[in-house]
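In the two complexes below, chain A is the common chain; its partner is chain B in one and chain C in the other.
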Partner chain A sequence: MSIEARNVTKRFGSFVAVDDVSLVFPGGELTALLGPSGSGKTSLLRIIAGLERADAGQVLFEGEDATGRDVRQRGVGFVFQHYALFRHMTVFDNIAFGLRVRPRARRPGAPEIRAKVMDLLKLVQLDWLANRYPSELSGGQRQRVALARALAVEPKLLLLDEPFGSLDAKVRLELRRWLRRLHDEIKLTSVFVTHDQEEALEVSDRVVVMNKGHVEQVGSPQEVFDQPKTSFVMNFLGQVNAVKGGYVRPHEFELARSADAPEGSWAEVRHIHMAGAVVKLELVDEAKNVLLVEMSRDRADALAPRVGERLFAWPRRLRSFEAATV
Partner chain B sequence: MKRRVLTEPKPVRVALILVSLAFLAVSLVLPLALVFVEAFSKGAAAYAAAIREPMALSALRLTLLTAAIAVPANLVFGLAASWAIAKFDFWGKNALITLIDLPFAVSPVISGMIFILLFGRLGTFGPFLQGHDIKIVFAIPGIVLATVFVTFPFVARELIPVMQASGSEEEEAARVLGASGWQLFWRVTLPNVKWGLLYGVILCNARAMGEFGAVSVVSGHIRGKTNTLPLHVEILYNEYQFQAAFAAASLLAFLALVTLLAKSFIEWQTGRRASAGSVENEA
Partner chain C sequence: MSSVVLKRHSVLPGFGLTVGYTLLYLSLIVLLPLSTLAFKSSSLGFDAFWTTVSSARVVASYKLTFGASLAAATINAFFGLIVAWVLARYTFPGRRLVDAIVDLPFALPTAVAGIALTTLYSENGWLGAPLARMGVKVAFTPLGITLALTFIGLPFVVRTLQPVIDELDPELEEAAASLGASRAQTLFRVVLPALLPAWLTGFALAFARCLGEYGSVVFIAGNMPMRTEITPLLIITKLEQYDYPGATAIAVVMLVASFVLLLGINLLQSWSGRRLAA
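Now for the complex of A and B:
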């Protein structure tokens, strides 16, 4: 199901959380709403779900106006950052909840509910935990139960609010790859909110970068990373060096022992971080600006930089945003 | 796991424990035991007679009736108020929280006086009530009203922190999953607060049955009609019928013991839940 937000605005007192945002989420895609906290991404997600009412603008589901539709009638699945599992119910009862509260005419019988819940538990690989309580599960398990619960009502749209936000780094990585595979399997239109650029770039088909209630850029992960349209996007997605004339990403710097480029500067090597596949260097140029430079291990071995040495640093690629508003 | 941080020498610990036990024995256990000793001082037959006496039975009935009205009334009110306070932001919320505490803040005698001033013969609504032949003060409605007023805060005060702690995410999840307001309340909100609610109801009930001050002012002390158990005890005592007074008092004391037992059972239950909750935090 495709979703559209038209001129959506949301205020909390004098704070404008979402400022006249218009967006289209194509059917079947996994879209990331990426931005720092306070950028309006969660508010926008909650407005699409119907948990929050927009002060102005419309929300359209499949071209149909759903602005006034109650959250119960929208047919969305919602996964909360802190899982929001029902504490006093078992995993099984949590997942069955959405089916059991249906009006009698549309409510499946107990055997059907049972089959459906067990299928979902298999899908999230937790069928052996059906009779446990949420307090007995790990964070990653709880989030998968929350996902199964959201999918039980067969939503036409899946919304996830910082779904990996409260998990530790390793579980986070596993779970987001798992979510990507799951999405490829079920092809459900999905939108997830995150402040983690790596997560957005790795998991989604499309990234919507938000800042201060505005949309800064919409595009594929590669587009927003390689062709940022504003200095905000450039800064938010990955590390960046602000130099005279624009911005340079650390891996787009070239270092040499001779000044063989027109635009560049001499800089002194302060630190070399050798750990990992990528070597990271910190230099200070003549204007006392700190430059972050990344290069491959092979390149670093060939150059063999030393701390205290002066090297000539020049950008292979320089981006400028004259028209940028930030 | 709680680690032992304080390491006082053993004699100090033993002395502290002995002092508090001695104090408890003298000020709490001894009087309570005396109630029962005095009640049975003339034998079990006299005890039974004092309790089966019509005035005592009528007082017991009125006490139970009052509690049977006041407790459900405050249960409904407490649920509504705590729900509103914990889950919504509205104008006048702080005023409501303060008002809930009002009955705790004023002396019960004053609580009783309020109703005399409102519904008494010379009170604000006095002429209207007399004109329509409605009796509130010195009658059962007055006793019920005074009791409801005095026991007003118990349920709400218990529930507000529990509801605030549980937040609204589970309710939101239930709504997205299609639950109606009614289903949401019965299946999500109520199960999450049930122990706090029960605790509040038990305290509310204990106070409703034991209230003396406010009820004494509005009751009028009409024997067999507007006497509750605590008032009945006072009358008997003033008439030097000590054994009968203590026999009636033993009913109230027995109720207090049941309340304490129920209370510790609930604390034990919530304690178990809390330890399950700490597992949750470590996970």
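Now for the complex of A and C:
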């Protein structure tokens, strides 16, 4: 199901959380709403879900106005950052909840509910935990139960609010790859909110970068990373060096022992971080600016930089933005 | 389950000291007076004990005390829940004032409450007069006793529930709504089960408080034997007649009955709370 937000505005007192945002989420895609805290991404998600009312603007589901539709009638699966599992119910009862609260005419019988819940538990690979209580599960397991619970009502749209936000680093990584695979399997229109650019770039089909209630850029992960439209997007999507004439990403710097480029400057090596596949260097140029440079292990081995040494640094690629405001 | 660990390393040591203090304190303040109660009443001998505690007048007072306390605690369980919900969930002008008013029954001398309620609800009182015209007598009836006990018990329910409602994440209600649950389903299947352990605790505290209440009740009760005489008053009456063994015998019955009831409620509460442990 495709979703459209038209001129949506949301204020909290004098703070404008979402400022006249218009967006289209194509059906079947996994979209990331990416931005720093206070950028309005969660408010926008909650307005789409019907958990929050927009002060102005419309929300359309499949071209149909759903602005005034109650959250109960929207057919939206919502996954909360802190899972919001019902603690007094077992995992099974949590997932069955959405089916059991249906009006009698549409409520499946107990055997169908059972079959459906067990299918979902298999889908999230937790069928062995059906009779546990949420307090007995790990964070990653809880989030998968929350996802299964949201999917149980067969929503036309899945919304996830910082779904990996309260998990530790390793579980985060596993779970987001798993979410990507799951999405490829079930092809449900999904929107997830995150402040982690790596997560957004890795998981989603499309990224919506938000800042201060506005949409800065919409595009595929590669588009927003390689062709950022604004200095904000450039800065938010990765490490950036601000140099004379524009911005350079650390991996787009070239280092050499001789000045063989027109642009560039001499800089002294301060630190070398050799651990990992990518070698990270910190240099200080003549204007006392710190330059962050990344290069492959092979290139670093060939160059063999030493701390204290002076090297010539020039950008292979320099981006500048009109009316740049950092 | 691992085996019972009595002592383990911690930043704040003092297991022996604190447990020793706890036992001593409980012994001096609670167990010692209560054991003298049992001791004193035992001087009666079993037959006299039984005659005292099972006389018609005393049995009528048990019924009244437990019945009115149960009714008052039940009323408080419902209205206290609403008050606690409003105070925890909404902000409105005067909220702090309302919050402070809830504590008044804690602080007010119970006799003052009793006299105030009696004045209000007696047949020529502000509220009692119109009620009397409708044929409802409040003062000097079991209804009046229940009213006084309701006044006394309210803060127990509110103060027990309020922090739990504060902690209850509104996201739970949003999750239920997004899954299609109606407002009633959200309330009865999600919110109330989560509040149940604290609710039972509040109910038990209010109930226990009511069982022992004396000061506020004696004024509004009228204290007619067999009809509006509560057990604590009977005990006082017996004391005034220097019938110490008789007074303690009734007290022992009250004590045992209250203990059994509270133990039951506590077991129920820990059963419902076990699953909620995060």
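The rule is simple: the second predicted complex is superposed on the first by the 322 of 326 C-alpha atoms of A that agree within 3 Å, B and C clash if a C-alpha of one lies under 4 Å from a C-alpha of the other, contacts with A are read in each partner's own complex, and residues count from 1 in each chain.
Basically, contacts are C-beta pairs under 8 Å (C-beta built on N, C-alpha and C of every residue); 3 or more make two chains touch, one makes a residue touch a chain.
All values reported here derive from a predicted model rather than from experimental measurement.
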Three-chain arrangement built on chain A, chain B and chain C clash or fit: clash
Chain B versus chain C as contact partner of A:Arg149, first or second or both or neither: both
Touching partner for A:Gly139 - first (chain B), second (chain C), both, neither: first
Touched partner set for A:Gly246, first chain B, second chain C, both or neither: neither
First (chain B), second (chain C), both or neither touched by A:Arg72: both
Partner chain in contact with A:His82 - chain B first, chain C second, else both or neither: both
Chain B versus chain C as contact partner of A:Val101, first or second or both or neither: both
First, second, both or neither for A:Gly28, with chain B first and chain C second: neither
Intersection of the chain A residues that touch chain B with those that touch chain C: 49-51, 71-72, 76-78, 80, 82, 84-88, 97-98, 101-102, 133, 135, 149-150, 152-153
Residues of chain A touching chain B in the complex: 49-51, 71-72, 76-78, 80, 82, 84-88, 97-98, 101-102, 133-139, 149-150, 152-153
Chain C residues touching chain A - in the complex, by the definition given at the top: 169, 171-172, 174-182, 185, 189-190, 193-194, 196, 272, 275-278
Touching residues (chain side chain A, partner chain C) in the complex: 49-51, 70-72, 74, 76-78, 80, 82, 84-88, 97-98, 101-102, 133, 135, 149-150, 152-153
Parts of chain B lying in touch with chain A, wherever the complex brings them together: 166, 169-170, 172-180, 183, 187-188, 191-192, 276-277, 279-280, 283
